[in-house]
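Structures are listed in the sections that come next.
Two complexes come next, and they have one chain in common, chain A, joined by chain B in the first and chain C in the second.
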Partner chain A sequence: MNTSTFNLDHCIEKLQKCEILPESTVKEITDKMKELLISESNVQEIRSPVTVVGDVHGQFYDVLEIFKIGGQCPDTNYLFLGDYVDRGYHSVETISLLTCLKLRYPSRITLLRGNHESRQITQVYGFYGECMRKYGNPTVWKYFTEMFDYLSVAAIIDEAIYCVHGGLSPSALSIDQIKVLDRFQEVPNEGALSDILWSDPDPDRDGFVESQRGAGYSYGKDVTLRFLQNNKMQHIIRAHQLCMDGYQTLFDNKLSTVWSAPNYCNRCGNMASIVEVNEKLERYFNTYAAAPQSLSNKPTLDTNKELPDYFL
Partner chain B sequence: MTNTSMPYNLIKNGIEIGDWVIHTSKNPILKSTEKDEWEKELVLNGLPEMVYGNNFVRLSNEKRDITIVFNCMDALKMLDKVADQSIKVSSSKKWEEINKGFEGQIEKSFEWTFSSPYTGTILTRGHCYSNFEKPIGLFENTTEKIDIEKLKRPDPILFFDDVLLYEDELADNGSSMLSVKIRVNNESVFLLSRFFLRVDDVICRCLDTRIYHEFGKDYLLKEVTFKESSFDIIKPYSENDPTLLTDSNFIISKLPTKSLTTEKILLSYNDNK
Partner chain C sequence: MSFSIPPLSSIGNHGNNNNSNSHAPRTSIKKSHKESIIGTNDDAASCKLSAVNVGYYSDPFVKYFVKHPIRRQPLINRGFFSRVECIEQLVSQFFNQYKDVDKKQIISLGCGFDTYYFRLMNNKDIKKDFIYFEVDYDQVISNKIKIIQNHKELQSMIDKEWDSKYDTNEKLASMVNHQRLSSKNYRLGSIDLTNLETFKVFNELEIDYNVPTLFLSECVLVYIPTKCGNDVIQWASDKFSESCFITYEQIKPNDEFGRMMIKNIEMKGCPLLSIESFPEIEDQRKRYNSLGWNKTEILDMRHVYSDFINKNRLKETEKLEIFDEFEEWDLIQGHYVYVFAMKSNAPSILDSYYFENSKNK
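Right, the complex of A and B next:
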């Protein structure tokens, strides 16, 4: 990445102060990012030690906190499991920073796709609206959502730990099948690509279980253990579900959920964690609460709530 | 009866005013172990992702032995034990087609929209009454309406709070939320408990319970409004501006009213006990 017409270090510095990049720079970084990501496999092979991060949902100051407690990039290797945008106040700054870090240190940081890295979902859950507010038009949202189509969907640490945003799919039971999916598209509503980004484990039932809501799967202990065995894996790390303690392990410690957005939506009061995987493939959940700036840096849009509320 | 200024005293998370003690409690969501215990106690297969189990809003009048509470447990107690089969997420049709050959199980049934008919709990004479239990003498039908014009006046607010009871993102298929707002001024207390459901591209639903009391009067007014509509009403607006979808006040303003009832809660209930 030495042909850049812009200065990545300068962009990173600016973003770390929670300042947005100009629209034209966003165009450049997302274009570069697409060039970089297109050569990456659907399933990224990475090496330990690496720190795995779950959903961050635009909680920018908590992302800065992650680098403080987990080590700065590139001193620490990172694997992010998706859901960078929506819900929080700073989706634009968060995804801009992670994109620049990836361009600056491509072998040190891996970004996977979450179910929120989609046009459909971001229109409803915040990222689209935030881009409109901060740039006055939807162009930046378009640049980023086009880039999302290029993100990998899974990663494997040392041929042993399978990492993904949501989990397993009944239509892609082997990792080889996942490797040949056509991922360069909007997240579909059904099928393997959708399941991998959306599904949840079910501690109460075996097999793949259809959701009450009429769409979506959950996967039980038996299919999880079979998936690990058939694919010669030891463990699954996934994100996607809020955990009060920041993480949860299931299925005889064969599957971990990692959640990295503390005090989710500024009101849940939950803890967050990142998973530090060392060379022996031991996993350590480094937990943290909301960063102080996260609590104080609400945008002006929301300070209305601090004024008397004459609700009716 | 005239409504002269009431002496009041601010307390932790609340206010003492006239014969009333009004206070709220706000805490983090339940931990997974606590949630498991609640599921067992409530005999439910699924609880909202965010259960603010220790939150409440309480209005107590010790002199008249009447307390009105809005809390999470009582609201969840009123949930149906099984899913309402008439509501499925928008992608379900396509999903069904594609998964015709699926021979696995379906998740244990639960009311995944968390539509609770809860309109508050009343504690009196050592009993606890929720929605449908109406002891004679405690309630009275009325044609009186809550005085909205008075509530619009920018009178100084002595106490305000906004308390969540539960919330679920329906696995990113919409939103289900129960929250309670309360405000107290010199003359009155006004509370709005709002359940709001949005299943994207499918349905919107709102159950509002408003409680209004002018200090010194012998009753409180309780108004319950139910609104519901398919998504068609919202769609034309959201196509122009998708951000309106997360603006529940906007959506609710567009929903047709299906029912509206107002009744009095009589403070005289215990006078001759």
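Right, the complex of A and C next:
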């Protein structure tokens, strides 16, 4: 079945009003997306100017804010670093919208895989539950999690800025090694594909150390600089870790973390940011607070859990 | 690992924003406010059941107090596990300090549906030379008694020490009136912590002011005005010369996370009334030390987890479920503390507790 441009525009319009798509449409768009993604490399080469977005975790109204602040797609080129789902109340709307935008403007938006684009973790952290509530069965969850297997895992801006969700792997010190990984699978518990989605930089410890997250590693300044040198890169942009100011730079400004979910889970009170990379490869962190609508954080009709959990 | 995840369901709408003037010192709690405070009890029971069902610790009793089991996020499960472990380790030390004394008391203030009494009685390794007192709002105590009356498994933990001439139904009925239950090891009564007059319930429950006594108050004093909380803490140190007071509550209202926490909890209808008076650990310490306690040790929950809790328990429980909330864990757990205040005539007792010094090892 051919998903015409007209239909996609209609889907996008619906989603922007925070209305979910019917199950059959989700099947269509995820099928089309898999066809599109299969021809993308593990490591996508993209051109500046581009705006890089970190974790959004189902915070749909904040995603709409991102497009207001950074410019609508396709007027602005976007690179998303993953973690579209889980934790927020609108994972379905978020991933549906981004999928439709990618189908509609494939050369203007790139979607990478985060560690939450996985079957295992989405059963614990909310996406599965949300699909069950909104569709009454797990089919939509299955469609999206199958689609996640196809997402690229890294991107390079102007052959100079390496972008990935988590970071480095001791099993893939060369980008060429990442290019030849078999990415078309559930995120494994270990190995290079797992590491690059789960790892974190550590300003206090050199080398690779097993991560307390139970997957991936922490990587120090020494291995980061060596990675940049050996792969002829100038900078790494990654996400994965909450930053109270919305972003953090490390290792003499050789690595940036961008975090795009403000007031994460309606609890953390943090700022968020997007990184605007211009043609000179300069990076500007555009920071923002939670969208006014998301401050009241009313989840859609069928869940009545309004406020975040604390220990009471 | 795969889990079947039931749908999220409401923890109850604790709406009714309290609009009273925040400048005037509060001396009482309005009715709707009281309902919301009582609601936190259901929340706690539900979270504890979630942690138990995942396997963090054993509690065959909490399920009787929860109508709709919901699985909570891993951070909440791990957080409640940490609380239970911390209390167990502190109470164990307390019992050990006074092992040669044949009568001890535990007083749980704002007990809610907590099941610690039942777990203690169920533990073969614990000597049953203690009396466990629980006090809370009248509604809570009545409901708790009703639930106990409806479940033999709970009654059996209370009946054992009674005379064989009574049968089960008579035993329980004779122990119970409206809002009170009185048995050899377990006594329940109603109280209003903002009104010291109601503390006479302890006399009615035949408390002994001359035996080592440990107070538990988890997320209790923070819901009542500062002055009322001070009165409770002072009353405890005045009345009991060999005692401990354990408080679990929130701190740090002034950073971004703290401000959001204040706002969210206020929207649940049970504002944190005393948190602004004791924003930091040292403020909490000054509070207890100025209200008659000899020594006060404090750990925030990050340190309770990483330094105080038995490492083997951490190893066992970290395998139970995927955990991807480290930054949030640090944030939220940095905003909760356990306060362990001690009073004793024997300096050696004050010096031999192991709590805050676990940080330095």
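As a convention for this text, the second predicted complex is superposed on the first by the 287 of 312 C-alpha atoms of A that agree within 3 Å, B and C clash if a C-alpha of one lies under 4 Å from a C-alpha of the other, contacts with A are read in each partner's own complex, and residues count from 1 in each chain.
Definition applied: a contact is a pair of C-beta atoms (placed from the backbone, for glycine too) under 8 Å apart; a residue touches a chain by one contact, two chains touch by 3 or more.
Quick caveat: nothing in here was measured; it's all calculated off a predicted structure.
Student: A:202 in the overlay: touching chain B, chain C, both, or neither? Say first, second, both or neither.
Tutor: first
Student: Just checking: does A:266 make contact with chain B only, chain C only, both, or neither of them? Give me first, second, both or neither.
Tutor: A:266 sits against chain C, while chain B stays out of touch.
Student: Who does A:180 touch here: chain B (first), chain C (second), both, or neither?
Tutor: neither
Student: Output check: A:170 vs chain B and chain C. Expected answer is one of first, second, both, neither. What do you get?
Tutor: After superposition on chain A, A:170 lies in contact with chain B alone.
Student: Output check: A:132 vs chain B and chain C. Expected answer is one of first, second, both, neither. What do you get?
Tutor: both
Student: Should A:242 be classified as contacting the first partner (chain B), the second (chain C), both, or neither?
Tutor: both
Student: Does the superposition put A:312 against chain B (first), chain C (second), both, or neither?
Tutor: both
Student: Spot which of chain B and chain C makes contact with more residues of chain A, would you?
Tutor: Tallying touched residues of chain A, the top partner is B.
Student: Please work out whether A:210 is in contact with chain B alone, chain C alone, both, or neither, and reply first, second, both or neither.
Tutor: Only chain B is touched by A:210; chain C is not.
Student: Which parts of chain A are touched by chain B and by chain C alike?
Tutor: Chain A residues touching both partners: 115-116, 121, 123-125, 128-129, 132, 212-214, 241-242, 244, 264, 267-270, 305, 308-312.
Student: Touching chain B in the complex: which residues of chain A?
Tutor: 115-116, 121, 123-126, 128-129, 132, 170, 189-191, 198, 200, 202, 204-205, 207-216, 218, 241-245, 248, 264, 267-270, 305, 308-312
Student: Per the contact definition, I'd like the list of chain A residues that touch chain C in the complex.
Tutor: Against chain C, the touching part of chain A is residues 115-116, 120-121, 123-125, 128-129, 132-133, 212-214, 241-242, 244, 263-270, 303-312.
Student: Give every residue of chain B touching chain A within the complex, in rising order.
Tutor: Where chain B meets chain A, its residues are 27-32, 46, 49-50, 83, 88-89, 91-92, 94-96, 98-99, 102, 104-110, 112, 148, 151-152, 154, 156-157, 160, 162, 164, 170-173, 181, 183, 192, 200, 242-243, 245-246.
Student: Touching residues of chain C toward chain A in the complex: what are they?
Tutor: Going by the criterion above, the answer is residues 1-3, 5, 7-11, 13, 40, 43-44, 47, 72-74, 76, 79-80, 83, 219, 248, 250, 255-261, 264-265, 267-268, 270, 318, 321-324, 326-328, 331-332, 336.
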